[in-house]
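Okay, so chain A shows up in both of these, paired with chain B first and chain C after.
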Partner chain A sequence: MDLFLDILRGLAAVILAYSFVFISALVNIVFERRTLAFMQDRLGPNRTGPQGILQSVADSFKMLGKEDFAPAAVDKRLFTLAPIMVMIGAVAVQLVIPYTKGWTSQDLNVGIIYIVAVTSFTVLAILIGGWASHNKYSLVGALRSAAQMVSYEVPMILALLVVAMAAGSLSLNDVVSFQSGYQWFVFYMPLTFFIFWIASIAELNRGPFDLPESESELVAGYGTEYSGMRFGMFFLNEYAGLTIMSMVTVTLFFGGWEGPGQDLLVVYGVSVIPFVWFMLKTYALVFALVWVRLSVPRLQVDQLMAFAWKFLIPLALVNILASAAIILWAPQWKWVMAGFSWVLFLAVVVLFDPLQRRMLRRRRAKSPMLTRG
Partner chain B sequence: MLGILKALRTTVRHLPQKSFTVQYPEERVELPERSRGLFSVVVDVPTGEARCRACTLCETNCPVQVIRVDHRSRYGLPAVDEGAISARRSQRHGDVDVGPIAGLVAGHRVSGESLSSILRRVQRLYGYLPPQALDELSRQAAIPLSEVYGVASTSGDLRLSPPGATLVAVCRCPACQVGGAARVEEALEEALGVCSGGTTDDGLYTLGSVAGTVACTRPPVVVVGDDVHFDLSPPRVRRLAARLGARRGAE
Partner chain C sequence: MDELFAPTVPDEAMALALDRVRRGAETGDVSELDGLALDQVILNMGPQHPATHGVLRLVVTLDGEVVRDVIPVVGYLHRCKEKLAEKRTYYQYIPIVDRTEYMAGMNCEWTYVLAVEELAGIEVPRRAEFIRVIMAELNRIASHHVAVGTFTADLSPLGTAMAFYTFRDREKILDLLEEAAGARMMFNYFRFGGVRFDLPPGWEQRCRELMAEVPKWTDEYRALVEDNAVFLSRTIDKGVISQQDVVDYAITGPNARASGVPHDLRRTRPYSVYPELDFELCLADHGDVFDRYKVRVDEMLQSARIVQQCLDMMPRGPVQEGSLRAPYVITPPPGSAYIAQENPRGEYGIYIVSDGSRYPYRLKYRDPCFINLQLLPKLMRGNKIADAVAIGGSIDLVLGGIDR
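The block that comes next holds the complex of A and B.
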């Protein structure tokens, strides 16, 4: 009987996770299109359904109605596998995310490592898709994408390690309960959050790091040969990623489901109000991602790599070493950590531009032909 | 990073701003009052022939006089009685010798003179800007007639109809404005029966305006032909208006 209940529970979790991915993707597409439109003084899609909320539903039906086409030269099995696999990361991550008090599908004691491991499936799927397409554009796009994601995974993991060290656990439930009492990590380690967030934008392949499939510049990157719902799967995954990655960020840095009125409404041992807080925080971050995408111009490919390897990773290394030392030795380490992290964070924000400018001046002085990068 | 913050600030400021989108079937752009849309020749689809028969009715009735029917058109129209058309044109506007226009335009080509200054020369030649002259000018200088008309109709000192024998000009300098130029103008408009810029039916007076005279230390000022009337108190304005009106009646 217990086994049966466990299976049922597992099934419910998987169905919930899948529906979450699809629904959040559809919601995010409309959300992004309308937010971008408002920021550009336009209206955006507002015809399908009230205020256009059904636009992406209509779009996905259009996609479903298209021919399921595979070019003759592709490796059929891999070509089919890639769009299926691309979802795994987004779905599987939800296994360990504590949505609310009393609802975590599986409280893994290695949750953070699990997240890092499972999100890499997206890279794999992109590589498979690019390889199976038998098309140079696809392959180059896939390799660029893989290079980018692998590069930015390093600072991301380095930032996650700081969180794990501070919380003293790799379990996400422990991370959330460690932050209770509004001692959110973002308050006393903003630098770590900053590194993690930039890396996560790059992981999501979004502006300003959206070169692998920069719509306005390239052939569609790894998705060149994909059409119809196969393309739709890549597309949905990308937009579901917004929500999933924001949920991870909220769990790690913004106290997860914490908020006022935690125990007002409890159904079968699951609190409802904290879930609302969780989603509110998540969508605040999704808005931030959309906002950044619109505001910051796309990087060059060499700048992209240079930013990861020459700036973000050294910064993350300094951060992790100093944080480890502070956590290990400093009494009242939260205050010391806050001081260190805020000072370095503000220094990075303020000094980045002048230092960059100075570096460019020097390089131009050496070789006058060089104008950029 | 500060630059990025600046960019973020710019974009978020636009978030609550009003959208420029005009949702077409429900909303319409409000066109300027003088907008008349675009011209087109309607082509009969089955035969492929233009429906225009070069009747020049549109040319006659165009409120801004920018239509010119070119009946030697490439649409393969039936032969038109050119003589009748040109007769009708000259009947409408009187005979105007457009010969000197060519010389003016040639000068324009050499010196790059502006359109408005050519138009002033044309006005000096005829006393006003006759439609035939504008037409000829646009042809010779290869400037669209609408553009020529646009400049001609927006410059205050260019006239599109012949002026009256005497110009009655109300001064509109600041001193005269303060001194009541508006009411003086109103009184004169009433006495002459035309709006500012218009010419009386008998072609005797044109009511216009000047900006500054020698007598503006004693406003308001009205210039009638060569006479300058200043210090116009309400009774004096009435007397002046009555005198102008009486002279009309006498002739």
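The block that comes next holds the complex of A and C.
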């Protein structure tokens, strides 16, 4: 009987996790389209339902109604496997996320490592899908994706290690409780947050790191041969990834569900208000992701790699070494850490763009000027 | 060559690309392909591809991310424009000229009308000359809007935003053109010996107000992309056209001026009232992708200046020579004429031969895009595929003109 209950509970959790992925994807698609439209001085989808909020529901019905089509040349088994696999990361990450006070599905003591492990499934699915499609655009897109993920997972993990060192635990619940009292990590290690956030944008394959599917070069990258709901799975995963990755970021750096009025409304031992705070913070970050996508042009492959290996990883290494030393030796280490991190963070943010532009201007001044004919 | 990536249905261009790869592999002669490796993938870009701005097809040989060879295939938009001329009266052909380089209909029409006027010896009233210049320059701004917008859209979603801003401003110009000509893109506005309608009441004032806005537009575009380090690093020193290339390949228009070649038919072989107008040639020094973008934005400002001057200098009077309003048939004496004008994309020429009948005996286009296209393989070779897309966008091709 107990086993039966366990299976039932597990099934319910899986269904919940999947519905969360689907719903957040549907919400994010409309959210992004409307936000982009607002920033691009146009209307965006505003016909289906009030303010167009049902647009992506209609779109998903359209995709469900399409023929389940696979081109003749594809490797059928892998071609089918990839869209199924692609969701694993987004669903499995939810296992360890503390949604609210008293609600974590499973408080793993290796939560942070678990997150890194399961999110890597996405790139595997993309690689399989791109290879199985038997299409050159797909293959180039998939290989780009693999190269990008491998490069950006390094700074991401280096940033996560700083969090783990500071909290003294790999469990996400411990990380959240360590930040209680509004001592959020983002306040005294902004540099770590910055590195993690950039790497997470690259993990999400979003602009400016959307090379795997850069539509002006590779049409749709790894998804070129996919149509109907198979394409829909890739698409939903990409947009659900916005929420999932933002939830991870909030948990690690923004104090998780922490906010005023924690115990006002408690249902069956689960506080509701912190969940609202959690989602609010998450969507603030989702908005930031949309904003970034619109504001920065797509990088080129070599520039992308150079940014990861020549800039982000050295910065992350300096960060982790200094942070480790500070945590180990400094008394009142939070203040020292805040000083170190803010100084370096501001230096990077303020100086990076002007320096880059100055370098480019110099290169331009040096590059041979064409003589007037 | 991996069998998996051999083209399944080799057509002529694919076969040519494959042949070049094989030849390079066998003979070791890689001069044609700029250092050929064995693991090459032949990628077919287009005719349906988001980065080709129409139905241009590029058969690209890739070595990893690097473009080794490009074979452009044209003709997917071929509509027999030149042959059609032989079965249309001179009047009937005017709307068809609009559809060659459809982004700059006014400029195309003007070239055709001017060629026929030269053949038949028709005089144009002074007011009509000014209206023609105004229309052509307005259309030049609108055309550069599309060029800059789609080029930046090739780079990123940021560019997509830029494209929306440029298209928003282009709409305002198209509204003006619609008011005057009755259509937004396919104008059918020019007539032999003048233009079809006089300007509607209040139009000049609205045009003046709009032209005063142009500096604001260009400032906005510049603020959006030119301060952006990523945009700069994607465009600077990419796809450089040397001045020798400009001469060898007969490149004209903003692409030539971006390389510092001061070739602008409005200045070097002036026609209409351009000698009376004060405007600068927009030149740049490096001839790279960034310069081609910059020259186009600069030219919008100069065009706005020209329009403002024309509005000031325009006299009152008829807009078409009265005797030409009817009948709608003209029969130029036997002979031929070649007229070239500064189109937004370069030297747009029409060669026309008359045998004295109601129809042209022969009509031939010299389209700037078709000529500029020939440099594309040379520019793209050795660049990353993302750069190749940016270079293609910066050359600004209009397939209606290329395929005719």
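The rule is short, and it goes like this: the second predicted complex is superposed on the first by the 346 of 373 C-alpha atoms of A that agree within 3 Å, B and C clash if a C-alpha of one lies under 4 Å from a C-alpha of the other, contacts with A are read in each partner's own complex, and residues count from 1 in each chain.
Here, contacts are C-beta pairs under 8 Å (C-beta built on N, C-alpha and C of every residue); 3 or more make two chains touch, one makes a residue touch a chain.
The structure presented is a predicted model; accordingly, all values stated were derived computationally and were not measured.
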For this session: Figure out whether A:Trp291 sits in contact with chain B (first) or chain C (second), or with both, or with neither.
Result: first
For this session: Between chain B and chain C, point out the one touching more chain A residues.
Result: C
For this session: Check the residue A:Asp68 against both partner chains and state whether it touches chain B (first), chain C (second), both, or neither.
Result: neither
For this session: Would you check which partner chain A:Met39 touches, where first means chain B only, second means chain C only, and both and neither mean what they say?
Result: both
Exercise. Does chain B (first) or chain C (second) touch A:Val348, or do both, or does neither?
Worked result: first
For this session: In the overlay, answer first, second, both or neither for which of chain B and chain C A:Tyr137 touches.
Result: second
Seminar exercise, completed: Overlap of the chain B and chain C interfaces on chain A comprises residues 39-42, 294-296, 352-353
Seminar exercise, completed: Listed in rising order, chain B residues that touch chain A in their complex are 1-5, 7-8, 10-12, 14-21, 23
Seminar exercise, completed: So, in the complex, the side of chain A touching chain C is made of residues 36, 39-42, 73, 134, 136-137, 140, 207-208, 211, 214-217, 219, 293-303, 352-353, 356-357, 360, 363-364, 367, 369-373
Seminar exercise, completed: In the complex, chain C touches chain A at residues 4-5, 8, 41, 43, 49-51, 62, 65, 152-161, 164-165, 168, 225, 227-234, 236-237, 242-243, 246-247, 259-262, 283, 285-287, 384-387, 389
For this session: Would you pull the chain A residues touching chain B in the complex into a rising list?
Result: 35, 37-43, 291-292, 294-296, 348-350, 352-353
